[in-house]
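Just below sit the structures, each encoded as structure tokens.
In the two assemblies presented below, chain A is common to both, partnered first by chain B and then by chain C.
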Partner chain A sequence: MSEYLLQMTGICKSFAGVHALDHVNFAIRPGKVMCLAGENGCGKSTLVKIISGVYTRDEGEVVFEGNPISKITPAEATRLGIQVIYQDLSIFPNLTVMENLAINSEITEGKKFVNRKRWEATAKEALSKIGYEIDLQAKMGELSVADKQLVAICRALLFNAKLIIMDEPTTALTKREVDALFKTVRQLKDSGIAIMFISHKTEEIFEISDDVCIMRNGKNVYAGPTAELTRQDFTFHMTGRELTDDHFVPKNISKEPVLKVEHLCQKNKYQDVSFELRKGEILGVTGLLGSGRTELALSLFGLGKPDSGTITLNGQEVKITSPIQAQKLRIGYVPEDRLTEGLCLQQPIADNITLSSLKRLSKAMGFLRHQDILDDANIWKEKFSIATDDVRRFASTLSGGNQQKIVLSKWLSNDLDVLILNGPTVGVDVGAKQDIHHLIHELANEGLAVIIISDDLSEVVVNCSRVIVMRDGSIVGELTGSDIPEEDIIEIIR
Partner chain B sequence: MNKATLKRMTRRTEFWIFLVLVIMCIGIQAASGGGLFKSSTVVTILRSMVVDGMFAMCCLVVMVSGGFDLSFPAVAALAYSLATTICVNMGWCATNPIAGLLLATLIGFVLGMLNGWIIANFKLNTMIVTLGTQTFFTGVSMGLLQMQEITSTLPLGFRAMGESYLFEVYNEAGIRSTMSTMFLFFVALAAVTSFVLNHTMFGRALYAIGGNEVSAERAGYNVKRVKFILYSVVGAVSGFIGMIRVCMERQSIPKAMVGREMTIIPAVILGGASIFGGEGTVFGTICAVGIITVVSNSMLLMGIDTYWQSFFNGLVILIGITVSAVQAMRQKR
Partner chain C sequence: MLTKVKEFSQKNLYTSMLLALLVLLLLFFSITKGGTLWSLGTWNGIFMQFPEYGVMTIGVMFCFISGNIDMSFVALGNFACILGVQYMAANVTEGMGNGQIIGVMLVAVLIVMVIGAIGGVINGLLISLLNIPPVMATIAMQLVWTGVSVAITEGKAVSGLPSLYTDIGHKMVFGFLPFPFLIFLIIFVISAFLLKYTTYGEKLYMIGTNIKAAKFSAINTTGMTVATFVLCDVICCIGSLLMVSTMASTKADYGTSYVMRCILILVLAGVLPDGGMGKISNVFLAIISIQIIASGVNMFPSMNTYYASLIWGGLLIIVLILSTKLTGNGFFVKKRKKSS
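Take a look at the complex of A and B:
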């Protein structure tokens, strides 16, 4: 019996001649948390699919509990005790918690008829594995993401799981929910189950993992204990380049504020908010979820009317009643959830970039020339180094970081005075994150006034020369300086 | 009954649909001066629910699985036209309609298999596929096979079955209404559908697929097979229902079913089936079919112009679909 639960050596997999995995070596110890890290498209999901039996490897050896496994099928993986919790959790929103928990084992056992008594027993057994309590009759779709995740974990445990693979489980969770999840993960770990945790969030990886395997371009570039790795090494392995935190130093701040907000109130959302914003400045607005930061931003973009207070833009008092008007006033807003709110994924990149500047591009009588759109899009492609060979490709073909660049260029292709960015790098890997930060710095130095709304404090600290902290709808602190310590923000945030 | 179950119940569309049906019936009863709750009217309404109600069951199971079947009227029409023609030409079913029923069911099964095969193998949008097969089946019936209307030469066995009844009632004018034996088929189909949906893993597979097809596949359901079986069986049942209709109407008219899907699908949606799949019950569907039948019968009863019937049917459909969409939106939030 080796010390490893699962050992994979020299794994190769190609799709149509392209190496998705190139001699990957990888091992998991029982009762340990192993993080699989890497930027988008590095082969993480291909590796997972090989372990779970969805794909068959071209080359390489797999040893599970000391026994060589020649071919893994999904059924074989389940029998061995390998369970995958996919990012979408594979749940049925229209069915009850009980049915969601029981359904897999019912199918595996080849049951033909429904026996709700047996379902209930199965479901209760599943919940008892981690001592989790929830109404079995509740509809799955009505639960929070965190609860759904726990149900999915319980379901996986029913199959005497020895290895649980979690695919980016923290993406849709709040900080508190992440903590709760980690508690469960540690509990599982203590009971001897190995966890393979897929993530690209540095902080989480260092918090939860015992071992880490970093992949880049289909190869694993690092595998070993997390403790032996510094954050700088980690980032280097992830991106293949040395990344340094470039703190933003404002170069040319205008004398007069471009935006002045005074005593702005919206009932039950935020109260008595006042601040000024100058050209060339990056202002951070931070606070916990529900602190009113997003609502404030939406009001500045004409979504959600303030009840009282004034907004002054370039010395003139304005009422912003709609996004259209906000755009006319040269205010841009990039939403938190770029995928649902900011992008048409199944449309060409070029069309996405030019979406908000069609008026500028159109000729007499509103006719558009296709070539103008492509030319305009290509300018932004160069400027932002968007990783595509052709702007006529769909936006969905790009990685998260590049998608975010499109959303940004969409707004910037109109001349703006104020740009509001809500969580500009949520779900973006470290490399692309830094590209975006540099871009924002450049824009500010060109004279744009930027507001960054974020709960990622390191992001706020790196980018903002001034930070306002919100709590329960009010501004509770303001910090200035090019190097604001994170701890200072944390102190006033709660 | 505790508070949670009560809350859950009132949140269901079925509950409201049932309430609407009851209130509407009371309203019409009052407005028509006691015209609704008379044995003769009740019998007439139940009788006219038979065919639509049975088709609604077919629609329901398809919608639960997240699909749409637009082709069932065309399947039924082709099945009963062909089966009746064969029976007439062969001189079958002079006393016993069984051969005709089996034949129509078999033809429906084959046509349904075509639907199922295309949908399961090519993973196409069900609405598009069944729109295609609907047109194709109608074309086969009218063009290729040159199906004719059969009225006076209808086999006597069909006639006899259509005219058989469980009991008869008379109204004050002495006009006879009969409770057709065919009503039993409706009851049986509703009972079987309910059993399949709630008490078999096949039925649960339909809900699972309707809820999240990818998850259903990962959970271990053979989605392809389930879909193939579903559409094949729905085809067979549609053929059978078509034949029941021929018996009840005592005529086989190849064009009679055209456009029928456009009244039945909305009724099923009104009854709580989600247009996105994964939701829907037999009880809700029956209530919704009840509402639509009661409305059109009452309008006849009160002597309201038939155009107003379309108006009301349309209105009911719009309300049903809006409610369904609003609920789906709420759930997403």
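Take a look at the complex of A and C:
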């Protein structure tokens, strides 16, 4: 038997001519934690899907426990002992913990009748594997993300898993929950199970992993023991460039704040939030999922009425009751989820760009010439170098970065005082990310006041001259300076 | 030439399917029925019959493009017309001049359209403000309107229309243009213009594609939904008014089959209730095709007219299969969810 549990060499996969994976090599040792790291869109998910049998590889060899595997199907992967815990956890939220744990084996064994005793036994056996205790009758949907994850791990163990793949498991966890998860991971590791841990968070990777595999643009650029890697090397491999000094330095910040938020509260969302924002400034708002950062932004955009507190815009107190009014007050918002909130995917790029400025483009009585839409869209296409040959193509034909440029254009074609960006570069590749950052810098220097909401700390650090950290709905810290260390933010974020 | 045809059909899948269907239908009935199909009477009949549900179809089209559906329009139209007819019956008296009668008729038409607008506002508010799924909200309203109509008429037909009104259904304008078709044409042109050359039309397609994104783009989605249902239901009430003139009376359950027929026509034309897609020209082609089938079946004396539904149903299935096969993806374009 070889030293490795799973060994993959020269894996290639392309979608419609685009190489998602380009000769990727990597290997996992039994009883070790292997970290798969890389930025968004680097091919991590594709690789996982090949291992779990969702996708079929175009080229390459896979060896599992010394045996070459020609074709992996999801059933085959399960039989081999490969289990994937996806980000959405694939649970049934309306069923109980017991039912969730037992249902898979009931189905695979072809049981036709419900036997509660047997179900309970299966569920208890699963929980005992990691010594985890939870009410078996609790509804799955009511559990915390951390508990759901542990149940999902237990379920994976029922299949005699030899390799458990966790897809960004820490995204929605608090620090304490992450610690608990890592404890379980170490426990699994000691019992000889290999863990493949997908993440892009530097600290976590150095804390938990034995080996690391770093991917960039569909290639693996580093594979080897974590111990041999410094944090600088790691960042270099992740981003593919030495950290150039493209930190934003505000050039002309106005004296008077353009936006002033005082003691803003929304029940169960955020409390007593106060801050000021000046023209020419980029303010970062960061915090974990559920820290109230998005809800705060939505309130500033008229979606979510604050219960108390005041918002002052250019010296005048305002009530923002709808996005329409926010637009009138010259506030723009680039939403968190580009695909469901930002774009009409099955409509032309041009119509998406001009969606918020139809009033400007139309003539009396709402008459509209389609040519005006195309002309306006073409201006933005040139300005942001949106990669398309024809703005009449559907927005769905573009890549994430270019789609984000559409959403940005949509708002920038209005005259704005304040632009709120929620996760402006989520799912955007490195090149486009830098483009977007430079663009934001330019806009700020032209006098726009910008708020960037992001949990990507490197993004916050590079772009913001001031950072507000939120936790459980309150502001717990504010950092200023042109070079805020990420570690300082991590200190207070949890 | 051939490559041009191919390119056109790839770009305009539904248009080419409908054109092919129309040619096939005309060929089939020409061969089997020859002269009967091409007589003036047949075509007069076709152009007199389709406007009442054709007008309704255009109304519902607006709902479909916005990603909604309306099941209540026939019941609402009947209710509105019951009040309108009762008004006319009560106010037209012996010895009134034509001018006076027309005056009463216009007031009645106005009453019907206002009730249609109110029905549209209710539908729109139920859906956009209270977030009730469109099918449920409009089915509930359908029951409400039918119930109210039955209550005030005791389920009986309401008649007593002035002959001036009942003549509308078979009147020829300029000696050759059926009056109902003229009404259809006017509504068709206005609707086409609304869709193509106004901000309303632009926003309608965008809302239908992704209402959430539209909301985040500072579009008044509540206003748009209410406006769309008002437009839909007012147009549908005009259809009901045409129906009243051909039936010379009105009743709580007249024309209930039109609900499904309108939906059938729209899906045939590629205006799917998913929203955000479809062309009004295709709706016209689909209406004509459906009417030609109905009239064609009528030309065979031995055939029960209900065979028309059988053909419509079969046709719908064929179109669904074809559109799935030809576009490569599922019939209802999958809305992309969060991708990782």
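Quick notes on this structure:
Everything that follows uses one rule, which is that the second predicted complex is superposed on the first by the 258 of 494 C-alpha atoms of A that agree within 3 Å, B and C clash if a C-alpha of one lies under 4 Å from a C-alpha of the other, contacts with A are read in each partner's own complex, and residues count from 1 in each chain.
Criterion: a contact is a pair of C-beta atoms (placed from the backbone, for glycine too) under 8 Å apart; a residue touches a chain by one contact, two chains touch by 3 or more.
These figures come from a predicted structure and were not determined experimentally.
Look at A:Q87: by the touch rule set out above, it reaches chain C but stays clear of chain B. Number of chain A residues touched is higher for C, counting chain B against chain C. Contacts of A:E142 after superposition on the shared chain: chain B is touched, whereas chain C is not. In the superposition on chain A, contact of A:I107 is made with chain B only, not with chain C. Shared contact residues on chain A (touching chain B in one structure, chain C in the other): none found. Per the touch definition, chain A reaches chain B in the complex via residues 86, 88, 90-95, 99, 103-104, 106-108, 111-114, 135, 137, 141-142.
Residues 196-203, 205-206, 209-210, 212-220, 276-277, 333, 335-340 of chain C touch chain A in their complex.
Listing the residues of chain A that touch chain C in their complex gives 45, 87, 167, 301, 303, 322-324, 326-327, 333, 335, 337, 339-347, 351-352, 355-356, 358-359, 362, 365-370, 373, 396, 410, 427. Within the complex formed with chain A, the chain B residues making contact are 4-5, 8, 198-204, 207-208, 210-212, 214-216, 218-221, 274, 277-279, 331.
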